[in-house]
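Here the chain labels run A, B and C in written order, and each chain numbers its own residues starting at 1.
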Amino acid sequence: MDTIQFDILTISGAILLIATFGIVATRGFMDWLNAYRYQSIVLSGVTAIIGYVTGIWEIYIAAGLTLVIKSIIIPKVLTYVTRKLEIEFKLETNPYVSIRASVIISALLVALSYFLIQQIPFKSDQIVNAYLPVSMAQFFIGLFVLVNRRTVLSQVVGLLIIENGLFLFAMALTHGVSLLIEIGIFVDILVGILISSILLFRISRTFDSLDVGKLENLRDD
Amino acid sequence: MLNMITIIIGLIQVLVILVLAPLLTGIIRKTKARTQKRIGASILQPYYDLLKLVRKDEVISDQTSWIFRACPWINFAAITTAAFFIPVFLAYTPFGLVGDLLLVIGLFALGRFFTMLAGLDVASSFGGLGSSREMMISALLEPALFLSIFVVAITYGGTNLSTLISASSNSSFLPHPQIIFAAIGLFIIILGETGRLPFDNPATHLELTMVHETMILEYSGKSLALMEWSQSIKQIILFTLMINIFVPWGISSSILLSTLAVGFLTFIGKISLFGIFVAFLESSVAKWRLFRIPDLIAIAIATSMIGIVLCYL
Amino acid sequence: MDTLISNLTILFLLLPPVVGACLVTVLKKKRVIGAITICTASLILIQVLFVVSRIISQKTITAFGNAFYVDSLSAVILLSISVVGFVAAIYSKNYMGRQYDNGTVDDKHIVRYYQGFNVFLLTMLVVPIANNLGVMWVMVEATTLVSVLLIMLYFKENAIEAAWKYLIIATVGLSFALIGTVFFYYANINTNPSEDAMNWTGMVHNAKLFDPNLVKIAFVFILVGFGTKAGLAPMHTWLPDAHSEAPTPVSAVLSGVLLNCAFYGIIRFHIVSSVAIGPGFSNQLLIILAVVSIVIAAASIYFQKDMKRMLAYSSVEHMGLISLGIGFGGLLGIYGAILQIINHALAKPLMFFASGTISQKYDAKAMSKITGIIKVMPITGILFLIGGLALVGMPPFNIFVSEFMILSSGFKSGQFVAVSIVILFLVVTFAVFLRHLIKMIFGDPSSEMKKSEMGKLAILPMAILGSLVVILGIYIPVQLQTLIQNASTVISNGGFA
């Protein structure tokens, strides 16, 4: 029984990783958004599994919130924003590290996160073993996407991946910090996305570009 | 006595592969035609093609050396030898004592090596072009292939195909997570190895896009028949490996007539379904630029690497 | 009865900014909303003074069950928020009015500004009084979001760029802090799974039982996370951009208070980790970051051409000094650090106000274009000079006292290498900062400058801060001394005074 449960846990974690790789391996913003949507749906499924295993009902609410906010509202908002942008954005053309190298770097990051998690003294727990490295890997890959890609849109996507990793981290390690705080975190994300959408409009209008490299007026020289 | 029976079954498995190979090609072509709203040739058409080619005369350029003439035979021999090590509907092959998965890959590499040489040997610009492209792709594919095979080998304990496939058929209904990653990696690699879209378009004769076809462009008659047949045998071998490693359900694990029959029927079903799936996939993607192909292979390498990491969980 | 009073105290602390934000949204009249914001800020100030007086007598206030917990340390931060909020509200009225006359902002912007200002005050007020560390994190993140909105008030390239960098860097940084918080929570529920586990009081109570390795990792995450928000180098890169491009009153609040709020988070976890594994580990990390901050700030100030950016780097330096004091430990060092929090919260807004007035007058931010302030605007010039001298740590101004305490505690605790590096770079900063300052204040103004001040409402907040800077340098009131004493005991004594 326990091994089957562990298999289910690890496989759902693996599917989550695949969804994360979907973002690293693709170039178009719409592809990212779709990958993010799948990732969030899987994440809410994973959360529900954690809820089932631990038997804490609050986690189901968190899973529902994840489903609604991250897989419906945020992608909708971002789709709307990109439609309305004055600059048409189709593909990320020249990231700092090429797509193929970044895919491999992400795989190394996954290995790194498994290694790191083994170094930290956790209580042996199936959920922790299965999901914690995955969440760390998401966190690292998010950071990597954030620094590697050149457009503002992809930085938003990087932030979203990081955030998903954090959510899974908290869920896996502590079976959810209390519901009130989670709702607070969700509100923070939502407001953050709204603000960054406004900023996206302004950047596209004042800089005539979505390239992060253009944002370099402020320097010490 | 038992040994005798297993050897006979082993031979039958080889025969099944050799005979069914053109049929699989036919199924894929038919499905592709249907998805493109064409009626398409009969699924037996590859057999007719082979028969027609065998009956025809051969034209050989006087600029070629023995390599050109020997290549089809070496290629065919290498790939047919590989077929001996593949469990098809029984999770065991008596010839597995002599060779394992790595030997199969080695034999494929040998065949490919001679095909590339033959492409260069005719001294036409097309052949050289095809060979250089093929070399680039295979040089990239090889490490990815080995990585994903390591994942499978570590999980199921060994590269011997008999132990590997019987271990996978005995494992639980849910595969290990690393196997999912290995499957993704291996699937991409198999598309590349068999020269399917988006790596290579097997149906084209445009000099800009073709890879495999350019190398065998100068062949005709019996040699061409051999080359084409070897190619479809290679394809069915790789597909069989894929389904037997990753979806081993239904494969017979004992030498009883009933289980063998079930194993054979499920094998036919699975391989046709897999062929249809590949055909659908081919209809939905376009061929990628040659220099974007490393992106795809990078994904295969990355997923296999994650698979290896998960092995040591 | 006592709990009722506590609940009401907290309620009246948080109510004014909420009501203020609502009133601003409803009324929308340019003249009225500035006055409303001044009212909210002064109500907050009064309420905070009341809270502080209660804290001095009874040391802690717990309200709404266990949701809010105020001790002397929180009271210090509350004090700095309320004072700076109050003067910034007064200054805002003048500054935004002038921006409106320039045509830089319109009615919509002004409404948005005052809404943001009130909400900003609210989020900052919750940070030091929330007992639940998760709520504290959510609120620190909320301060980021609100202040991004305030920075991007102007539709200017630089402001947008600064806002974007600030949003991305601060959010990523705080995600590290969340990981650290979750680690601490995990360490706590491993030993004591109770309702109280996420609360700071519960955490300090059980900290002795925590797994030491876990605490170390967790504290590193916390330090990187809140350190980013607190502007400790090398995570400070957003700070000069954001502080120089924000509207001046917001810059003052960002620099004077928001950094303290973030640093408050570090201090809280520093206490937990000191109880769990002894202060050595976190002290060492704090000292390293402090030294790096001071060195980088000194180098950046040397090359600086922009007035507000120079002040921003000076904030990095002072956050480094605070962290240095906490890291050196001992009652003297911690006392100095807390005094430094207050002193910096007084001197830095003064400088930002003065520089805002000056750059409005000269229509420039580059220091090379600003000369002869003392001849053009005598009062502002003198206040600017006072603030500048205070910032570099010149006696008899307030920062001298706290810096002296911090450095001597360093000698006392035997950290000679760190102290000598810091002193070396403080001297560099001193020289460079003064050179910049003197060039701007003295010298001859260009001929078309008319000699005039920028209005009483601009002078008043600067005068308040300036007099406080001078007074605190000579004499610290007994009540304040008791408060700081208690706060230092909270830090050095494992959370209880």
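Quick note on the criterion: a residue touches a chain if its C-beta (ideal position, glycine included) is under 8 Å from a C-beta of that chain, and two chains touch if they have at least 3 such contacts.
Note that the structure is a prediction, hence the values are computed from the model and not measured.
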- Note on the structure: Of A-C and A-B, the pair joined by more C-beta contact pairs is A-C
- Task: Find me the chain with the mean Cα position closest to the mean of all the protein Cα atoms on display.
- Result: A
- Message: What's the farthest chain from chain B if centres are computed as the mean of the Cα atoms?
- Response: C
- Query: In whole angstrom, how far does the Cα centroid of chain B sit from the Cα centroid of chain C?
  - Reply: 67
- Between chain A and chain C, what is the separation of their C-alpha centroids in Å? 31
- Inter-chain centre distance, chain A versus chain B - centres from mean C-alpha coordinates, in Å: 37
- In the complex, the residues of chain B that touch chain A are 172, 174-178, 180-181, 184, 294-295, 297-299, 301-303, 305-306, 309-310, 312-313
- Query: Touching chain C in the complex: which residues of chain A?
  - Reply: 120-123, 139, 143, 146, 152, 155, 159, 162-163, 166, 169-170, 173-174, 177-178, 180-181, 184-185, 187-188, 191-192, 195-196, 198-199, 202-203, 206-207, 215-218, 220-221
- Query: Which of the residues in chain A end up touching chain B in this complex?
  - Reply: 3-4, 7-8, 10-11, 13-15, 17-18, 21, 25, 99-101, 103-104, 106-108, 110-111, 114, 129
- Under the touch definition given earlier, write down the residues of chain C that touch chain A in their complex. 132, 134-135, 137-138, 141-142, 145, 148-149, 152, 155-158, 160-165, 167-168, 171-172, 175, 178-179, 182-183, 185-186, 189-190, 198, 211, 213-214, 217, 240-241, 244-245, 300, 303-304, 309
